[in-house]
Each structure stands twice: as structure tokens, then as C-alpha cells.
Amino acid sequence: MSDCPTRKWPSLVGTGAAAAAFLAIPLFFKAIGLRSGPYWLDLLNTVGLYTILALSLNVILGHAGMFHMGHAAFFAVGAYTTAILNLNHGWTILATMPAAFLAAGLLAAILAGPIIHLRGDYLLIVTIGIVEITRIALSNNIFGLTGGPNGLVGIARPSLFGFRLSKPQHFFYFIWFMVGVTYVMFYFLENSRFGRALKYIKEDTVAAESMGVNTTAYKLIAFVLGAAWAGVAGAIYASRMRTISPDSFTFEESVLLFTIVILGGSGNQKGVMLGSFMVIGLPEIFRGFQDKRLLVFGAALVLMMIFRPQGLFPPTPARVKLSDAWSNKLVEPATNSESDDG
Amino acid sequence: MLEFLEQLTNGLARGGIYALIALGYTMVYGVMKLINFAHGELFALGAYLGYCLLVSSNLIGGLGPVLAIGLTIILVMGLVALAGHLLEKVAYRPLRHSDRLAAVVSALGASIFLQNAIMLTWGAQYRAYGANLLPNLLITVGGLKIPLIRIVVLFSALVVMLGLRMFIHRTRLGLAIRAAAIDQKAAKLMGVDVRQVITVVFILGPALGGLAGLMVGLYYGQITFNLGQLYGLKAFTAAIIGGIGNITGAMVGGMLLGLIETLGAAYISVGWKDAFTFLVLIMILIVRPTGILPERVVEKL
Amino acid sequence: MPPTLLSLHNVYKTFGGLLAVQDIGFEVIRDTVVGVIGPNGAGKTTVFNLITGSIKPDSGKVIFLKKPITGLKPHSIVNKGIARTFQTIRLFSKLTVLENVLSGCHTRMEAGLVASILRLPSQRREERKFIDRAMDELEFVGLESKWQHPADSLAYGDQRRLEIARALASDPQLLILDEPAGGMNEQETIKLGDLIRKIKKRKITVMLIEHDMSFVMDVCDKVVVMEGGLKIAEGSPMEIQKNQRVIEAYLGVDDENGY
Amino acid sequence: MKKLIVFFFLVAAVGLMSLCPTGASAQPSVKIGIMGPMTGDWASEGQDMVKVIELLAAEVNEAGGINGAKVELEIGDDQGKPNTASLAAQKLITAGVVAVVGTYGSSVTEASQDIYDEAGVIQIGTGSTSVRLTEKGLKLFFRTCPRDDEQGRVLAANVKKLGFNKVAIVHDNTSYSKGLADEARAIFKADGVTEVFYDAITAGDQDYSATLTKIKAAAPDAIVFTGYYPEAALLLRQKHDMDWKVAMIGGDATNNSDLLVIAGQEAAAGYYFISPPALKQMTSAAAAKFSELYQSKYQSQPSSVWAVLAGDAFSVIVEAIKAVGPDSEKMAQWLKTDLKQFEGLSGPIAFNENGDRVGEVYRLYVVDSAGQFVIQ
């Protein structure tokens, strides 16, 4: 691992090049005059949105190891916050995003307090309960604000400095910019004191507590943070779809997100991104199967788990850079057999 | 008062069905610590197999009602048990030593697969058992009119559950199941064939689920391919309320859920009743984090 | 600087009606090594769990640095300066050796959520500082070259020493070791004794449970003997070896080791 | 890890290629899209839509196509979910469809309307009865189904005509059902019909005995149920099981022959509902012929009226292309001004300026003791 610093640069260049190539996709579609371009961009936008959601769930499920199958509830709260503020109070979409963040986070903070100590599967069913209660509340037009089963219509599209996002390629850049922000944010988080504390909790809660980690507080903060970020995704979703209704925020939606995180490799952000491509993208590509595509999807999930139970990309050991003093100290007497793993 | 008593019988019949399905979740969970998300689909499969035998092949016409229903019960339970066994072999056995979450996703995948397989086999539209399959009798007890079938459903559920309890507590195999549920490794050391226990559990649970499916078909007369999803979630909730891994807990949880739902609908709000159900679930878990009758787990420090 | 670091006063604890610990009281003097011995089921680990906050006493007091710590959560007790290891190894087995030690640093670090997400300069400085600190602890126990191995790939004795390094990283004034020599061979036990003396030199007080009598007599300055939840003797190793009640208690069980 | 990435890109590449045009076919063709729920909870509706339209398209093609061009169908699966609607819509648009038939659910249609409008594609809703869909001033949107307010009016009028003065209103909290219930509710209030119960049941629940017991205590003259046939049938059956003889009246989503099978003849007898006629009940010669054709091909009847309305949507699209060519602006204009009394399967079809179908389509039915749906 002493060659870590030298290896880091090419990988950074590679990542940059890949990102640039990805961002050039709309231009490429335009250049070759692909008629189905908007469809593919729309699909990529959907994948991007689910990536944001899945990355936020990953903080809770992948990093902290809490079995949370109700993420759609916070997604919904974000979407409805944006819709209500935009429709009833004329807020711009960008202005509603922090509100969506806060609303989803606040709900999570209220709900999580009493349930955060529940063990694995009990937490799972409670979070399912939360998503069901949320959906029923939205359907029953709670506070007279949510429009009941019809949902809310006519939400504005986001404007950036007077430019109104309306076409799939506009949303492509907006959504994938947000994916980038999410990725970097949670990457920093993962490799910090906070992120490590979550890892310890996931590995062994009792030992983590005995090492000085306030496990209850950290679980709570992770839960609230993930939920609040799902609220931001909800704001983006509302402005992209322009109409939202309770059927978009069901238990199945939560299951899908859960699947993405585990399939990708819980805790590994790259894996989670690939997971979104697989879970959201592949069924679209398999549209040729028509009504059999969900059958194929179900079977694929089972097979994937049998052959890669750790997910597509299992969590990798943390990248830690030692100080120069320590690197030099270790290199001098180093035996070669120890420097080639990692 | 009369209305309340009537609602009570409504709730108990409903609860009986939840309890029957919950038993499958709880047995599998007890031994394997796995939520078998596909259990709801096995239940739906039971409903469809019953439809196949009773309606499509018109067994009643050929054999008369008693014999036909008896035969159907046996066939449905047997076939669903077989399906459960295959499911375990294909989707769960390879994952027994992997991360628990992998098994959960595999279970979700199996559930999606089975639900769509049912849709593709029998079609997406509703299937009707028909109302005239069983005679419609009313029993009148002091002004209270109760359909006979409701009582039949409740009692058969109770009989099956008591039978299962006896089996678990009075037989050697039952003892082995309980031992494996407490600690698989220790049970193995004590000479319990854990693999056999798992096989048995994956035969018994689905068989009961299949029976519940058949009962739903006969009781309500109408089935659809996503039946398993709707009932599965409720029954799973019931198992958790009762304390998952505990046979009696599943019975208690199922009955309780049936009552909560019915009384919630009757005296609070029909539209909010499911929200109410989950609210009660959450409150129970806040007070008793492992359900009403928890499995015995010694958390080691 | 008070000479008394930790003291227990009339501590009681029952588990489901069974008295696990009754009326326990003793003092731990700064910069000493205190051994707690006794047959299995004597309540030794329970005493440790009561000190570290994993369980709460039914009555009685635990005083650390003149302040009561009874009923505090384990994480705040670590923060006050008591670190521990476990009877059965409880490392974060899938994480690297260095990450394990960093878990000990957690309580001495300050970076919060926002600083972490934004990777502020202060957060980066702190990371660098504590990575160095963690490496120092690894060097202290002799595991620095294995810093990036997964913890579960280490040999048994190394895992024990890693647990100690992890506890030391939290800057404790009191280090509590639950059967540190358990499962070690003679060679490893000797190295462990050296390590404990080195820890003592760092002005860290040590409490340990051990069944290996010669080890206890070798490293400890003071020994507390428990049986059936009661303290039956307390004193220097020499005194304990001569104590009649202790000899009786130990003759009742196997002399060599408790199991 | 590398292998996986390669695998993923391979799959993506194959997918991409499959959607790219694979060379021009010899014959000119016109593409018409069908957007509907092919999977998911409403899959039977979507699958029936395709069955009906495929039969009709085969007829058109056998007769030489539209002005010599063959009709090609493109299917977009919206899964009955608003989230997937935009993807299904984009897929159809990029496949180059001129017009789209569908979809079933109002909220799903809503999620796709803007996309079609921006792409300049005609959309004809087939089961989306929500009022506001045609109130937005979209020029290219039409529907062959009636609107909820129309149905609400007819429903309320019939309740009054049948002499029910105290009603219990039950819906199932879907967009359609609640819309209809609220529409009727407002008219009841104005007309002096007393409402003794108003609440939502959950579709798929199967057990409504608790709700029925509760309603019974409120003693209404009639239950007005605005949901779908599976729940209507269970309500009828469980009401019968309770030995409670109260009238019940429902909306068009209960016009389904399975209602009888599930509820049983005895329990269903006396049930009223209002609906556009189902295929078998339609009076035109074309409908009778088509019903036979459908029967011989699929050994069944379309299970609801919506699939037939989808067939009509397809037919008017074909007519419009025949008249003015595959130009959406011109077609829309033609449909609004020049299409008069076109003989569809469900009767004469014409559209108003909003794109709504004009003309009375609802009939009041009652289930007789022999299990027949009889027009009153």
C-alpha cells in the first residue's frame, strides 16, 4: 500500500475522464441524431434520481447497518413539501429544496427517536409501517393539503438564473450534478470520524459503544441525514414530474431502493450507483420481454444474490493515507510481501 | 352491543386467516432468522391451486362437496409445500452462510418472481371461486346473525394452530425445531439435523400458507395475483406483533391484528384503518421491542 | 492528584432475582495494576460491566476521579477516561487494524457531521493527527506493520494486543482488561506481561481479570478476590496467597484455572 | 469487478442497438402507440387494450392499411404507476408514433400528458375519467371515455329517481373513485339527499364486513359505491351473508361479468349501476361482430368497457390519418371539427373543443334474478 499515493492519481484522472464522457452523452446523442435520445436521457434521469435516493439510503442501511425499508416515506415528504410550497405559496423550486430537506429530516427525527433502538427485523417492519402510514395519510388528504388520491398537479419546473429546466437534457445535467454532490458528500462522510463511527455500529454496536461512540445519537443522526437527503430527491422528483400522487410513494418503492443498496454492495457507493443502473435500467432495457420482464427481474435478483451475496461491489477497506513520516518509517524495513495487497 | 359482537366475529375470522399465514413467517424466522418475503406468494399460490381444482376442474361436480374439498385441501397443502421446499432449495439454501441481507433480497426477488409467475399462468384479472361453491348458512345466536363459513374459518384456523403447537411441543421433531430455533450451532452439536429441520419448516409453513389461501378463496370467493402481497404484509406484521419466532405469538398476533383492523374500521375510520394497524404495531414495539411474546434471545455482552 | 482513581461502594446487582454482585466495594489506587480473581460465576465480569456502564447497578456507587459515574452510558464513561477490552475478543473484524484503533480515538476527536461532509481543513488536520496517534499505539503493541490488514486475519495473540491498542487510543486513565491472557500460549503471556508493565509506565492504571495465577501474582500490585458475588479478600499478591478463605475457595474448584 | 462493468456496458449496448432503427422496411408504415398497464396491479386492463387493438389493427392492415401504409403498434408499459409513465411516454415518442392510445389510470395519464404535448403527439385517454385532464387546454389530448362529473351527475340523478333519500357513500380512495364519490356527494347535498355515511375502503382488502356492519347501524336506503367491481362484488356478497337487504348502486367500474361470479346471483340480484354499455351489451352491428371475433380469438370477452373504448380511440386515430395524413395538428383539428357521429364500437363518437367525448353514453342497469345486466 506504500504505492498508494502514486496509484491515486491515475485513478483520479480515470474517474474524471469517465465523468466527462458520461456528461457528454446528451451531446453525443444529438451529434449522431439519435431519435430515441430523449428516451435514453429520461431513463438516465430516472436512474440518477434513484441513485440519489439509494445513496441517501446507503448512509442508513449500508453504513450504519439499520434495516430501513421505508425510505419512500421521506422521499414523499420532500416531494409534497416542494409541491405545497410551490403551489400554495409560490416558492421557487430551488427555494423549496432546503425546506424539503428540513421537513423530511424533521419527520425522521420525530419518528426515529422511539424506534431507533429496535433490532434488525423489528426496525424493518416499523419502517414499512411508516411508509404505509405516510401513504395512507397522503391518500386521506391529511391537513387538507395533499390533494388526496389525486395528488398535486401543476408543480413548476426549476429555474436556474432565469433558465427554466424543461427538456430531458436539462434535467440530465441538473440531476447528475446532484448525484455528483451527493456522491462526494457521502464519500467524505464515509471516510471521516462520523462515517467510521457508523461502520463500528454496523459491525458491533456493543463494542462501538464501549469504544466511546454514542451509538444512539449516531444512529439517529445518520437516519435523519439520510431521510433529509431523500427529501431533497423528492423535491427534484416533484419538479421533474410536475404531478405527484400517493401511488408514487409506496412500500414497493422502498423495497426497490432497499434492493438497489444491497444488490450494489451495501456501504459501497460505487456499487450502489451500479445497483441503480441495474435495478432501474435493466428492466427498461429488457422491455422486449414485455409482461415477463418482472419475472426475469425477480429471477435475476435471486441469482445475483446467490452468486454475489456481498453485492456487486463489496465494501472495500478504507483508504487511509499515512503521514510521510510513518510511510517512510514503514517502507525502510518493509518486506515486499506486505505491500501488494489493498 | 349487538353491533360490537358482530364486529368481534368479523375480526376473529379475519384474524384466523392472518394467524395461519403468520405461522409460516414465524416458523421460518424462528429457525433461519430469515423473513421469507415469498411466503405471501406461496399463500396466493394456494388460493390459485384451489381455484384450479375446485373451479377449473370442477371437482365438486365430480365428487360431491365434502370429498372434493377434503381432496382439495390435501392437494393444495401438498403442492404448496412442494413449492416451498423448492423455493428453499433454490433461493435460500445457497445463501445460508452469507450475509442476512443477501437472503432478504433473494427472498424479495423470489417474491417478485412468484407473483409474476402466477400472473402469467392465471392471468392478471380477478378469478372468482364463485359464491355458490359452498352453501350459505346463517347461524342466529340471540339476535346475532353469523355466517356459518365465518365460524368454520375461525375454527379450522384454531384447530390447525393447536395441532401445530402440539406438534412443536410434544414430538421429537418439534423438539428439534425448537432447539434449532434457539441456537442452530448448539443444536447441531447436540445431534439435531438442522438441515432436516429447515426442510420440515419449509414444508409445514408453506402448507399452512396454502391452506390459508384456499380458505381465503372459499371465504371471499375472489382472488387476484397480488393477493400474496396484500396479505403477506399484514400477516408478517401479525407475526412481529406476536413476537416473531414464537408459534403462540403468531396466533395471538394474528387475532389481535384482525381485531384491531375491524374495530379500528368500525369505531374510528375505515379509510385510516391500515394506518391505525401500523400505528398499533409501532406502539407495541416501542413498549415491547420484540413483540408481545418474544423469542428467547440471550444478548451476550 | 488524588491517589484514589476509582472506588466502588456497596454495589448490588441482581439478574432475574439472582444476586450477581452483592455489597462490593474496593479502591483502585492510581498507577497500580489491580487484579480481580475468583472462580467462574464469582461476578468478576459483572463488576467490570458495572464500572464501564454496560449494566447499571441496582444500588451502590461507582466513583471515578471523585465524581460518581454510576448509571452513565458506556460511551460517556469512555470519554471520562475508562477503556476496556472484552473477555471474548470483540474487534470490528471486517475493518482494518488501523480503523480498529481509530475507533478508540473517536472519543478524543471533535469533527462533527458538517465538518466531515464538507471536509473542512480543521477536520483534515485532525484526521492526520489521529492517524499518527493510532499508528503510535500500534507501534506500542508491535502491530504497526499490519496496519492495513483486516482485523480478523490476525493471529489470536495479535488480536488481543490490537484490542489493547484500541483501548489505549482513547487516552484512558484506567484500562480494564477482561482475561487478557485467556487462550494465549506461554510465550504470548510473557509478552503480555511486559506490555502491561509498559502501560503502567505510561501512568495508566490497569485493572484485569485473569485465571492464570502466576501471571496475576507477577504483574499485579493488588488483588481483589471474589466468590459468589461477594468480595472475600483484598490485598497484595503475597497476602492473598496466604489468605485462608482464598485457598478454601480455590480448593473448592480447580486449582489451576477456573475452567 | 472489471468483468462486471464490461458486462454491464455490453447489455447497455445491446439495448441501445435494439432501440435504434434497423434499416428502412420496404413498406411505408404508420406507428400508433398503446400506453397501458401491461404489468402491475392493473395489468389485465392493459393486456385487454392490446388484445382489442391488435384485432382492429389486423383488420385495418388486411383492408390495405391506412392509405396504403401499414399500421404498426408500439406498446409502452406504464405499470399503472405515474413514475413509469414518463418513461413509457418517452419510449413511444422516440419510436416515432403519430398518436397514442391510453392510458387507463388518470394519475398515470396526467404524468404523461405534458410529455406528449411537448413532443406533438396526439393522446387519446381511454379509462382516464378525471375531470381536469381536459381542462388544461392541451390541444392534442382527447378521450373516448366520459368524465367523472358527467358520471356523477347521472349517478346522482338515478339515485334520486329510484327514490333513495338516505345514502351511504363508499369509495376506495383511488383518484377515480373518490372523484366520482365527491361529484355525486355535492349533488346529493344540493338535492336534499341525506348522507348518513361517507368513508373509504381499501381495495384488495377483501373483508368489508366491518364496514358493512358499521353502515348498517346508520340505516341508509341505499349504499352508493363508486369503486371497482371486485370490491362491489364482495360488498354485495358480504351484505347478503349478513342477511341485510339494502339497495346498492355503483358506477361504471362495476360493469363486469365477474361481479356475478364473485357475488353469486342471489347476492347480486337487484344491484344497480350506471355505465357505458360493455361490448356484449352494445347495440351496433359492428360491436356484435367484433364481440364474436374477440370471442373466437381469445375465448373470452374483454373484462371491462375500457378496453373497448381503447379500440374506439384507435379507430378514430385511423380515421383521422386517413382524412388528413399523419400530422398531429391537422388530425386534432379534424377530430374536433370534422368527426361527427363516427360509428365506434361503443356508439357514435364526436369530440368537443376540450377533447371530451360528446353525447350521452351512460345507461342505468340492474342485475335481474337470472343474473342478467338489464338496461332500465
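The first chain written gets the first letter, and so on, giving A, B, C and D; residue counts start at 1 in each chain.
We take it that a contact is a pair of C-beta atoms (placed from the backbone, for glycine too) under 8 Å apart; a residue touches a chain by one contact, two chains touch by 3 or more.
Note that the structure is a prediction, hence the values are computed from the model and not measured.
Participant: Hey, which chain is the most central one here, using CA centres?
Facilitator: A
Participant: Name the chain whose C-alpha centroid is most distant from the C-alpha centroid of chain B.
Facilitator: Farthest from chain B by mean C-alpha position: C.
Participant: Using CA atom averages as chain centres, what separation in Å is found between chain C and chain D?
Facilitator: 72
Participant: Could you work out how far the Cα centre of chain B sits from that of chain C, in whole Å?
Facilitator: Inter-chain centre distance comes to 49 Å.
Participant: Express in whole angstrom the distance between the two chain centres, defined as the mean CA positions of chain A and chain C.
Facilitator: It comes to 40 Å between the two C-alpha centres.
Participant: Whole-Å distance, chain B centre to chain D centre, using C-alpha means?
Facilitator: So the centre of chain B lies 35 Å away from the centre of chain D.
Participant: Would you give the residues of chain B that are in contact with at least 2 other chains, written as numbers and ranges?
Facilitator: Residues 116, 119, 271, 274, 301 of chain B each touch two or more of the other chains.
Participant: Enumerate the residues of chain D that touch no fewer than two other chains.
Facilitator: Answer for chain D, listing residues that touch two or more other chains: 39, 43, 47, 173, 200.
Participant: Please list all residues of chain A that touch 2 or more other chains.
Facilitator: 139-140, 206, 291, 294
Participant: Please output the residues of chain B touching chain D within their complex, sorted ascending.
Facilitator: Listed in rising order, the residues of chain B that touch chain D are 3, 6-7, 10-11, 13-14, 116, 119, 123-126, 128-132, 136, 138, 145, 147, 149-150, 216, 220-222, 224, 226-227, 230, 261-263, 265-266, 269-271, 273-274.
Participant: Which chain A residues qualify as touching chain B in the complex?
Facilitator: 67, 114-115, 117-122, 124-126, 128-130, 132-133, 136-137, 139-140, 206, 251, 255, 258-259, 262-263, 266, 291-292, 294-295, 297-302, 304-306, 309-311
Participant: How about chain D: which of its residues touch chain B in the complex?
Facilitator: 39, 41-44, 47, 173, 199-202, 204-207, 209-211, 213-214, 216-217, 229-230, 233-234, 237, 240-243, 258, 261-267, 303
Participant: Show which residues of chain A lie in contact with chain C when the two form their complex.
Facilitator: 1, 185-186, 188-189, 192-197, 199-200, 203-204, 206-215, 221, 225, 315, 317-318, 320-323, 325-326, 330, 334, 338, 341-342
Participant: State the interface residues of chain A toward chain D in the complex, per the touch definition above.
Facilitator: 34-40, 42-43, 46, 139-140, 148-151, 153, 166, 168, 241-245, 247-248, 253, 274, 277-278, 281-282, 284-285, 287-288, 290-291, 293-294, 312-313
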